[in-house]
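Got a structure for you, questions after.
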C-alpha cells in the first residue's frame, strides 16, 4: 500500500531522467557553443523554474495543462485524453521544473570540452549534428551522468509543483512526497516515517554518486 | 557589507515587534477567511482592539498550536481538532461558530440543470475535485455521504484530490477539473458566479468549531471576540458568505 | 592541385595581408615569431576563421571569396589539418580515430602499418607518447585523402630526437602526396630543412627583412658563407625557395 507512491515516484524520476535529454541538449548546446545574441535571455528563461516558488510554477503549469490551456489542449487533440491529473501530466511538469537541473551540468561539461576537438571534427568533414553525437556526447559522459542523477534525485523529492498539478490520485499522481505530506497532515506518522525512511537513503545514495562523478570530472 | 548586516538586524528586530503589537491573535482555518476579513474590522471598530489573524489549513494550525504557537483563539474548519485540543487540556470547551455546506460547483453550463448525481456520472465530467477526505472536513463529509449512497467506488476514479477545500475550488476554477465538491461559502465570490452551484442536501453540514486556547496571551480579548462571534452583526456577515 | 589565396583580415594588433600560391608536391614552410599571424592564416585556410576580404581557392574549388561572398565551411573543404598537440579524439583508440576519418576503411591496416603505429592501435591518445600521437594525427588526416595538408607547428611539442624522426617521415611523405603542403613553424631550421619554399611573415605581412635578419642570427654559427650569399637576394624577395639544404634558388 505504501509502496505504490514510492514506486510511482521512482517511475516518475526514471521517465524524467530518460526524456529530459531531448529537452535539455539543444539549449545546453546553444548556451555552450552558440553566439551571444539571445544567450542571456535563454539562460534566464531556463533557470527560471529553479528560482520561482514551486507554487507559482505549479499554478502556471496548472493553467497550461487544463483542457483549455495551450499544452493541455494540444495534448487532448493529439492523444484524446486529458493531460491534467494524469501521469503524463506530472511527467510534463517534472520535465519543466527539472530543466535547469539538467541543462546546467550539461552546459558546464560542454563548455569544458576543448574547442579544438570541434574544429578537428569540422576539418575532418563532420557536420555539426555528427560532431554532436560522435564527438561532443562521447566526451561529455560524466556531465550527462551528473545531469541525469541530479534530475533523478530532484524528481524523487519534488513536492510543490506536483501538489499543484497532481490531484493526488493513487497509482497515477500520488507520488511519495505527496503521500508523505498527506500522511503527516492526517497524523499517520508511521506511514510517513516508513516512506521517508525509504526515500531519504535513496536520495542520499544518488547524491553520493553525483559527488563522486563531480570529483572525477574535476581531476 | 556593514550596512547590509545592520539592515538585516533591523529587519529581524522589527518583524517580531510588529507581530507582538496585536491585541488578539487568531488562528483561522483558511476556508473562513473571506468572512473573517469582514468580521475582524467590525470587531476592531467596536472594541478598538487590534486583531491579527493567521490563515492556513486546520491541520497546520493544529500542529503549530500543540507546538506552542502563541495564539489566543483557534477557529477550525472542523470539529475534530478543537475537540482534540480540549481533551489534551490545551483549550477550553469548543463551540460551533459556523456551519458550512457542501455544494457541487461546475463551470460547465450544460450541467447546471442536472442533479448532482447526474452531473457526477455525466460523460463530460472526467475529473471531480474534492478536498482531501483525511485532512479537510469538507472532504470528510463528502466522502461519508458518497459512501452512504454507495457512490464512492463509482466516482473514486474521477476524483482529483486537493489538499484543502480551496485547492479543490481552484481545480474547478482553472478548468483542471470539470466539477468539484466545494464549500458553499466560496459561491459568493465573483469567480464562482461564472459557474453554477448544484446543491447537495444529502451531505451533512460541516461544523466549524472554535476554542480559546489555554495558553492564550490575551484571554480577555479572546473572550470578547467569542461573544462578538455570537452577535447579530456576525450572523449577518456569516449569512452573506453562505454559513449558518 | 594548387592552393592559391589572397587574404586580408584585421586582427587585434595588426592587419593580416598575405597573398600566396602553393603548388602540389611542394612544401611551403611559413616561419615567423609567435603572434605574427601564421596560425590565423592556417585557420582561415582550413575554414575555422573567415577573412575580411580576399579569395581562397584550391584547384577549381572556391573556398572563400568576399565578392561575391562565398564561404565554404570546413566540412566541405577537405583540407587536412594537424595541430601542434590536438587532433585525435580522446574517447577513441588510435585505430578508431583513423577509421573515423578514413575514406576507405579497408586501407586502415595499411595506413597503420606505414605510419608505424600498429602496435598502439588499441591504445587511447592519452596513453601514447607525443611522437606516436603526432604520427597517428598525420595518419588520421591523410586517411581522409585531403586536397591540401596544413600543418600548424606539428612537431613543436616533441623532443629533438622524435622531432627529427618525424621531420624525415614528412620529407618522405611529401614525395608521395600530390597535394600542396603548408607547414607553419617558428623554427627556422625546421622550415629550411623541410620547405621547398620558405616564407617569413611578421606583423601579418610577408617580410623579407625579418627573414634575413633571423636567418643571420640563427645560422651565423654554421653555414654562414652559404646563407650570406642568399641575403643579398632575399632582402627584397618575397619568397625564398630552397629545393634542399645545399642548393638554393630564389624567385620573386
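A, B and C are the chain letters, set down in written order, and residue numbers restart from 1 in every chain.
The working rule: a residue touches a chain if its C-beta (ideal position, glycine included) is under 8 Å from a C-beta of that chain, and two chains touch if they have at least 3 such contacts.
Bear in mind that the values here come from a model prediction, so they are computed numbers and not experimental data.
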Need the most distant chain from chain A, centre defined as the mean of C-alpha atoms. C
With centres defined as CA means, the chain nearest the overall centre is A
With chain centres taken as the means of their Cα atoms, state the distance from chain A to chain C in Å. 47
Using Cα averages as centroids, what's the distance between chain A and chain B in whole Å? 35
Between chain B and chain C, what is the separation of their C-alpha centroids in Å? 80
Under the stated contact criterion, what part of chain C meets chain A in this complex? 46-48, 73-81, 83, 86-92, 100-101, 140-141, 144
Chain C partner, complex, touching residues on chain A are 114, 116-117, 119-127, 134-135, 138-139
Using the touch rule from the top, collect the residues of chain B that touch chain A in their complex. 57, 59-60, 126-127, 129, 132, 134-135, 159-163, 170-171, 174-177
Taking the complex as given, what residues does chain A use to touch chain B? 62-63, 65-69, 82, 84-85, 163, 165, 167-169, 174, 181-182, 185-186, 188
